[in-house]
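Have a look at these structures, which come just after this line.
Two complexes come next, and they have one chain in common, chain A, joined by chain B in the first and chain C in the second.
On to the complex of A and B.
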């Protein structure tokens, strides 16, 4: 695997839209070709090279390419957008839409990410060592197709509206989570190791929410159905089991109504 | 204005019966002429196809429900935006493009006239503001009448003259072009939580049937002698087995004759016929009844239709058939918007994905093409996608490819997940007809222009007609190497003239032209009763005054073109 390192040397005045920073777009290119790829700052189009120093060269395919992003990219959006293979490591914090619509490969952020990370994610792995913003793994504005596959791990806390319209895949948050989890979801799983606030699974059609800590306020559409023992990351524990959202449309399979599941550790 | 001559192209013009002959087309001062001076600019069309500008007879391209679609579907614009370039503004959107993109895309495909298919009269000002902001193409709009309280009141007592006077007033007030009727009676019934699924279901309170509304509107239309006929979206859209309702509606034309000075022969235009040609009793035994519909249409010289082809895309459905959109959101669970327009109509909007993996969508695709392929008179059957309902208008080149190439259809049939159902429940696989360029010119130019009563002005290349001329990168002398070449040629015209101004060169916009708003000014005898009724309804029921209702002045119609009709005698 070949490695390309891009280092922020000339930070943008406005927010920078860098949707070309993916193994897919870098693959088969030399450092100077990569520096020529377009970025947008406000309404002007310029090149990656204007802001970043590019070193190394990419592999022949996305799968053979690793990108390391150094320096302050906290005002850079769309890093890793639509990546399908390879690796991307962001050493600091990034702005919105990190890994949006990604379908494969590994994306590691050592700092925090702002909102809309992994919007419409289809596959691959996203790890955020810091905190995640709002709308992690959610659907794009107006869309009904949120994260449908892959895995997200947030080692810190996550914001609100995580997994909105989620269809599949898994999100694990080691810290706490803000309001509105898996709203309108039709599948997938969100595991919260810390505490949750309120509105978990509102209008959820199908899907699973597991909470290890506290829940401030439960949704009224969830019905307790007993206890369950679950094994999560090799740890077995007992959980209170709820089904819902009983106020929302439900699918049927073999004549049985399918409910979403909410588990809260006892 | 400068002169142009388009030399050596293969010309297809049904208005003159020209079928691909090499001919020069001369343009002077915005019109087609016999010859031009030696200083005329020459366009070389050697080895290329030359046709008149195409005419869109039915699309939802301006107005409140289109805008509801734009507002509530930001995802439709995702990754579609093109930055400003030359004379082009920034533009985007796929199934519900911005007004600018609408104008650019039509022009790039060689369309120079388009009709907005459903204008809620109360919101005509909004419709005209959007039309104004749609560059290049001439446009008109059809106000909807089929659920209008005035019409229901007058037709209940068979008052044709009063209905006609009201239509004339409304066309003038809203700068409308034709009489549109959407789910006659059914949309009014929807305000009561009901619908009219057959032409004999009574409308609550008004106690009138869709059959009476349709017949009455046809009579009033001919009483006035309007350029276009009644333009109908019949009852029971989109339901299995609805072809019988469609045939019942078509039978209402029996014995009726067109009366106008515009050369129009039909008394009824049946729109997006694909949505109305369904057999079966549910979505499982759903099947094509295109043959039954076309057997009737082929014989009925006083009827024209458009197809409403499904293009197998993700799109946004929108119609003044309010109850249908509610029915649709219950089926696909996608977001629903509903707009009620007091006294007049109601509309709904729901996104829809025509997936090639779903048998119903594949059968709908087949039905739309069957209609075009079974048409014996291409002058009476026009290509539409009921944009954006069955697909975006930007897919016309793909529809043309399917109609012109049995090989392209076969490839699509083989790509369907439920191929066997498409083969068994439609007759598409057994049709080997391939439409000619001449027939395509009939279905997209001369035909719709005649149906709209505009055949002396557009849709042809006769000297004296508007100089709307298109050159396509398509050589009819050479065999088609691959069907996709047809699509590519029709997607981006080599050259387009609109009223004698070159607006497209090599598939790119080079001018915003001089767009006009076409409307119909029908003069009728003074009718104090109707004028009093209008005043009274504004005082008693409307939430706005009559002075705020009408679309007048430069702000709304900066460049009007009125078609005069005299119905005073």
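On to the complex of A and C.
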């Protein structure tokens, strides 16, 4: 695997849109060719080389390419957008839309990410060592297809609207989570190791939410149905089991109504 | 002998009353009295007559004082800051006519600007929900003639839309609602005992920020499913009773306002309220309608959606329209420092935005186009006073139920003053020159 390192040397006055920073776009290019790729600051189009120092060269394919992003990219959007293979490591914090619509490969952020990370994610792995913003793994505005596959791990806390319109895949948040988890979801799983606030699983058609900590206010559409024993990451524990959202439309399978599941550790 | 002008349209709130009468002096230059309007509407007409009104553009000087400049100088400054910016923001549009909005959008397209209207701090969340799940709505005329179940959720028309209740929602006797108030059941959902709540048959005093839960509980009740004893501070028996009241009506309507669009859950509140409306249509006819504030905020959404495909928070910086409130919405753009010039027109962000966003307006090149002196004109570098739309110039506006109504000119503006449309047309032509567009 070949490695390309890009280092921020000339930060933008406003914000930079760098949707070309992906193993897919870098593949088969030399450092000077990569420096010629377009980036956008407001209505101005310029080149990656104007803002970043590019070193190394890319592999022949996306799968053979690893990108390391160094320097302050907290005002850079769309890093790793639509990546399908290879690796991307962001050493600091990044702005919005990190790994949006990614379909494969590994994306590691050592700092925090702002809103809309992994929007419409289809596959691959996203790891955020810091905190995630709002709308993690959600659908793009107006879309009904949120995260449909892959895995997200947030080691810190996550914002609101995580997994909105989620269809599949898994999100694990080691810390706490803000309001609205898996709103409108039709599949997938969100595991919250810390505490949750309220509005979990509102308008949820199908899907699973597991909470290890506290829930401030439950949605009225979740009916208690007893206890369940679950094994998560090799740890067995007892959980209170709720089904819902009983206000929302429901699918049927073999004449049986399919409910979403919410588990809260006892 | 005074002259009386009838069928005047009120340019204040989204109710857009079209039955005002205005009496004018003999020479037709002075407004003497306004009849049929609410106090706010009356004041809007009379305020245009103020003797201390600013009638020429003013530029802020280095020492903080204001210097009068010509409209041509104002056009030059405005065109230059928009044409030279990397990401200009053009905000407001809600208290001007559709004609001016359309000219403004031409400028935005040439400059790669972000265009946003006051929905960003108002019913924008409604528009997000409408895009997510659609909206079963109707006109105010249908409500007057048919509705017998009226729900006011997080809105207070007694103060914000003063004639709404008498013209459309509570009191009027319509074709199928001949008994007026007596033929209607009124439900008000509000954490406070407002003047509107005092008119209600049922007042649900919901816990603050728990509207989403209560809306959800009503849907659960419609499905006859299990409910906790108390939801959002309301006993479940009461929730089931309200669900029955809604189901037993012939035609119901949910009106909602800032209390749900800008409190916790925002777009999700409206999303669930629309879902509830849809759900109620399994039992009877139900509709839902946002109580739009500015008289032509609906029109701004219409014109933006017609021209760019999205009703607010449109980002044209990359040459195509993008829309994602949170990224392309005005307050976020300002707080994050994403824009480097701002034009404000026909609205007052200075009075309504968080102070940190207002400070950002003061930091960047900025123009405020507004007939009044406002906090926004106070923080902007250039203030361009213009004629009052609906008083001194006509033009198209959209009522809260998306019905277009042509406003009327009542008197002339002070000599030499331009309208929004005239000023923006001059700016557009100058931007064309600067950008080399033919």
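Operating definition for what follows: the second predicted complex is superposed on the first by the 266 of 266 C-alpha atoms of A that agree within 3 Å, B and C clash if a C-alpha of one lies under 4 Å from a C-alpha of the other, contacts with A are read in each partner's own complex, and residues count from 1 in each chain.
Rule of thumb we're sticking to: contacts are C-beta pairs under 8 Å (C-beta built on N, C-alpha and C of every residue); 3 or more make two chains touch, one makes a residue touch a chain.
Just so we're clear, the structure is a prediction, and the values are computed from it rather than from any experiment.
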Which of chain B and chain C A:134 touches, first, second, both or neither: second
In the superposition, chain B vs chain C on chain A residues touched: C
Partner chain(s) touched by A:41 [first = chain B, second = chain C, both, neither]: second
Contacts of A:52 with chain B and chain C, given as first, second, both or neither: neither
First, second, both or neither for A:142, with chain B first and chain C second: both
Contacts of A:248 with chain B and chain C, given as first, second, both or neither: second
Partner chain(s) touched by A:259 [first = chain B, second = chain C, both, neither]: neither
Residues of chain A that lie at the interface with chain B and also at the interface with chain C: 140-142, 144
For the chain A and chain B complex, residues of the former touching the latter: 45, 139-144, 249
Touch list for chain A against partner chain C, complex: 13-15, 17, 40-44, 77, 96-97, 115-116, 134-135, 140-142, 144, 179-180, 183-184, 198-199, 202-203, 217-221, 223, 245-248
Chain A partner contacts - residues on chain B that touch it in the complex: 72-76, 78, 83, 333-335
Contact footprint of chain A on chain C as seen in their complex: 85-87, 111-112, 128, 131-132, 210, 212-213, 216-220, 222-223, 225-228, 231, 264-265, 268, 271-272, 275, 279, 317-319, 323-327, 336-340
